[in-house]
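Each of the next two complexes has subunit A plus one more chain, namely subunit B in the first and subunit C in the second.
After this line comes the complex of A and B, so read on.
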């Protein structure tokens, strides 16, 4: 376990090496806040509630959802794997005594730890600077379920991106897969619009997908909604993690032998 | 020297399947519908045995199959045929217990983190290889001293020169005291001074620590200085496996004699077979030269001869 902790620490240190990146990340985060605030203010100008949300309830959802969405940065895993497999430098991970999936999960943790600070800063600016009446559920059990679901959801996203990265061994080019995944996630995770605004049949269908539990349901739970789905949500996302782990095992075993290491 | 065999391959073969795209836009569209592949044999039935403590050179022209062979020995790629045993393991099983016993340094692939210091990378590798703290400190001190880079351990890697970076790559690779070290072009792009230093360190590591080293290089100076034994590969096949001096003795056939005179033609250069040097000198002495130098065949010429004639003998 110590080796994975050190991998996370190393990637956290790499994030801290570039001061301009730190500054731009801060500017970008605040810019997003301002844009969303103005957008929802216009939408709520003529209505008091939309899809069961008040203006402050919607902004509370948006703060929490943005917080989780920005922490979910596992797309870097599939991109890094695809690039390195294609140019032959993926061997740097193969020759060291680590579980490669564990290495990427630890790498992701290191990067996330760095951005956690900015996400907290962004949430703080939202709540205090814009005077939002922040809605946060009081039930400790629901909060615990939501946090557990977020962790499982993020782990699932690491698994999914690692799995897509493995497919590069077979297909060489996975940009189409990545594009489909990114668009699907943007819609299904509810990071653009709360799923509560969609028709019931579509939401019922999305409940079977893992993405529903990555940011959307935890955000809803924390804003005091969908409490009845908390336990079931943890079970569903756990099942998806198990299924994805099995898929990774099979794909890794089958496709790593196809690596030809050519390029450099 | 310990003579335990630690690398053994028999008829080791690697075949790649390559997509053949026809020329032009039309060819690109055809490639979308129907793809044609060609098979390329990168390594062809290579049988090789390396004993513990040996320093073996692997030479061959570009595309000969040297790097492919190293990749199979380290488990990076799977062989298509034949058998392979390295330290008692089938490398492509990628077992951690196996990976802890070897290290590989490829001249153009880096394990260093460019944004961090060498000490940061070493700390990471200490944990990855589960090296006890005291051993880690001893090894780090030993190598920093040996490579003369003590002052550079806390400098951002991207600011180091190519030669300094290669020394750091070697320190990272050697930190866990591997039994076998695979080196693929470690001196590529380095100037003469840096190359000489790297050669000196490698010799010490092989001699003092008993580390088995398999080295590929295009620089014959590397091979001649370091390796007692050389394996020559061309078009994927092994064409020579034996003593390095014997190899050069066999193919370094001529001597170049340069004579300088006080009168025209002032300077005369002749290349003669080794066994005719005496006769040539005798003849030149009749013209009372001011100075005479005798040099070996140019290394480039020798290498070309090894590849060309070795291939013919093997055919």
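After this line comes the complex of A and C, so read on.
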């Protein structure tokens, strides 16, 4: 465990080298909030509630979900793996005495810990700048459930991206697929619009998928909605983590031996 | 002119030869951007299931907006995006020397040497979205309206191109422009999702005049649905004219400032 803590600490420190990136990352979180503000301000001018949201409830949802979306940076894992497998330098991770998936999970947690404070600060700034009457649930149990779900959701995304990275051993070129995946993930995690706006049949189907629990349900829970789904959500996302771990184990065993370390 | 046409023909031929060598990912840009616009359609279908109008536009007009943005983006991807996008790297590495010393316009060659036929299906997909939008909005299609729409699409493609050149010409003056490109993509993403009709106040000034991504698909759609006022026409023509001037000044200034490798 100590070595993974060291990896996380190293990546946390590494972030300090790119201070301008941190600042710009904070500034660019405004894109999603501005989109929501402009779109929903026009829509709510004619209606008081939409899909169970008031204007400020909707913006609170976007503040929370964009905070989580901003923290979820695991897409870098699959991109890093794909690039290194293609150019033959993935050996760097194979030769060190750590579990490769653990290495990437520790790396991700170091980066997330670093950005946690800055993204939190950015969320505060946007709340004041846009004059949002922020809605946050007061029930401690619901908050705990939402945070647990976010952690599990982030872990699932690390697993998913690690799994996709492994597929590079077999398919060699997966960058196009990764970009398509990023577009779809933005939709199914509810970071563009709340999934509550979709028809009930689609939402019911999405409840079986893990993405529903990555940012959408935690954000809804924290804005005081869908409380009845909290415990079930934790169980479902935990099950998905177990399934994904099994898939990783099988894929790793099968495909890692294809790596010749010379690049394509 | 004839020389330039011959150069363009040769660039297209070379590009096809290159693409035949690297067939993997030939249709990559189509699938990536196609998925982006399909997601857009799904998002606005979900929103319109709960509201009737957004900024005065009904569902059909919004589909037309998405289709038009997709069409402008598709033309950009097919013709000049990959060429223009490589400008900062060429300035940084000094590779720009090769373009300046050739007896052909460096910007012409840079813009057209990486045409991407793999994105052609994206144009077809955009046209399908536009036809669907026109059907949904129950538009009466007349030749004059279609010609005016095509005129605005071509003009907005030019504006799109100029914005890309402006952002990338900054590389002549600064060491890194990664953040400028991030700003460009953030603005594009925002305006791809929001029609110009929802902007007001300071946002309207920013996205109509300073970073005019807000008018790129809005004006063609307005012309198609008959909402194009003389003020809109004058404003759009003025913006394109001013940005053409800015692009020329920046590019020429940049070339003068260029000191080969490490500039």
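The criterion applied here is as follows: the second predicted complex is superposed on the first by the 253 of 264 C-alpha atoms of A that agree within 3 Å, B and C clash if a C-alpha of one lies under 4 Å from a C-alpha of the other, contacts with A are read in each partner's own complex, and residues count from 1 in each chain.
The criterion applied here is as follows: a residue touches a chain if its C-beta (ideal position, glycine included) is under 8 Å from a C-beta of that chain, and two chains touch if they have at least 3 such contacts.
Please read these numbers as outputs of a predicted model, since none were measured by experiment.
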Task: Look at A:129 in the shared chain and tell me whether it touches subunit B only, subunit C only, both, or neither; answer first, second, both or neither.
output: neither
Message: So in the superposed three-chain picture, is A:98 touching just subunit B, just subunit C, both, or none of them (first/second/both/neither)?
response: first
- prompt: What is the contact status of A:151 with respect to subunit B (first) and subunit C (second): first, second, both, or neither?
  reply: neither
Task: May I ask you to decide whether A:116 touches subunit B, subunit C, both, or neither, giving the answer as first, second, both or neither?
output: neither
Message: With both complexes superposed on chain A, which partner does A:173 reach: first (subunit B), second (subunit C), both or neither?
response: second
- prompt: Touching A:28 in the superposition: subunit B (first), subunit C (second), both, neither?
  reply: second
Message: Per the contact definition in the header, classify A:20: touching subunit B only (first), subunit C only (second), both, or neither.
response: second
- prompt: Between subunit B (first) and subunit C (second), which, if any, makes contact with A:239: first, second, both or neither?
  reply: neither
- line: Intersected contact list for subunit A, partners subunit B and subunit C none
- request: Please give the residue numbers of subunit A that touch subunit B in the complex, ascending.
  value: 2-3, 5-7, 10, 13-14, 17-18, 88-89, 91-92, 94-98, 256-257, 259-262, 264
Message: Please output the residues of subunit A touching subunit C within their complex, sorted ascending.
response: 20, 24, 28, 31, 34-35, 38-39, 41-43, 46-47, 50-51, 172-173, 175-176, 179-180, 183-184, 186-187, 192-193, 197-199
Query: Residues of subunit B touching subunit A in their complex?
result: 16, 71, 74-78, 92, 94, 96-97, 99-100, 103-104, 106, 108-111, 113, 115-116, 120-121, 123-130, 156
Message: Which stretch or stretches of subunit C touch subunit A in the complex?
response: 24-25, 28, 31-32, 35-36, 39, 42-43, 46-47, 49-51, 53-55, 179, 182, 186, 189-190, 193-194, 198-199, 203
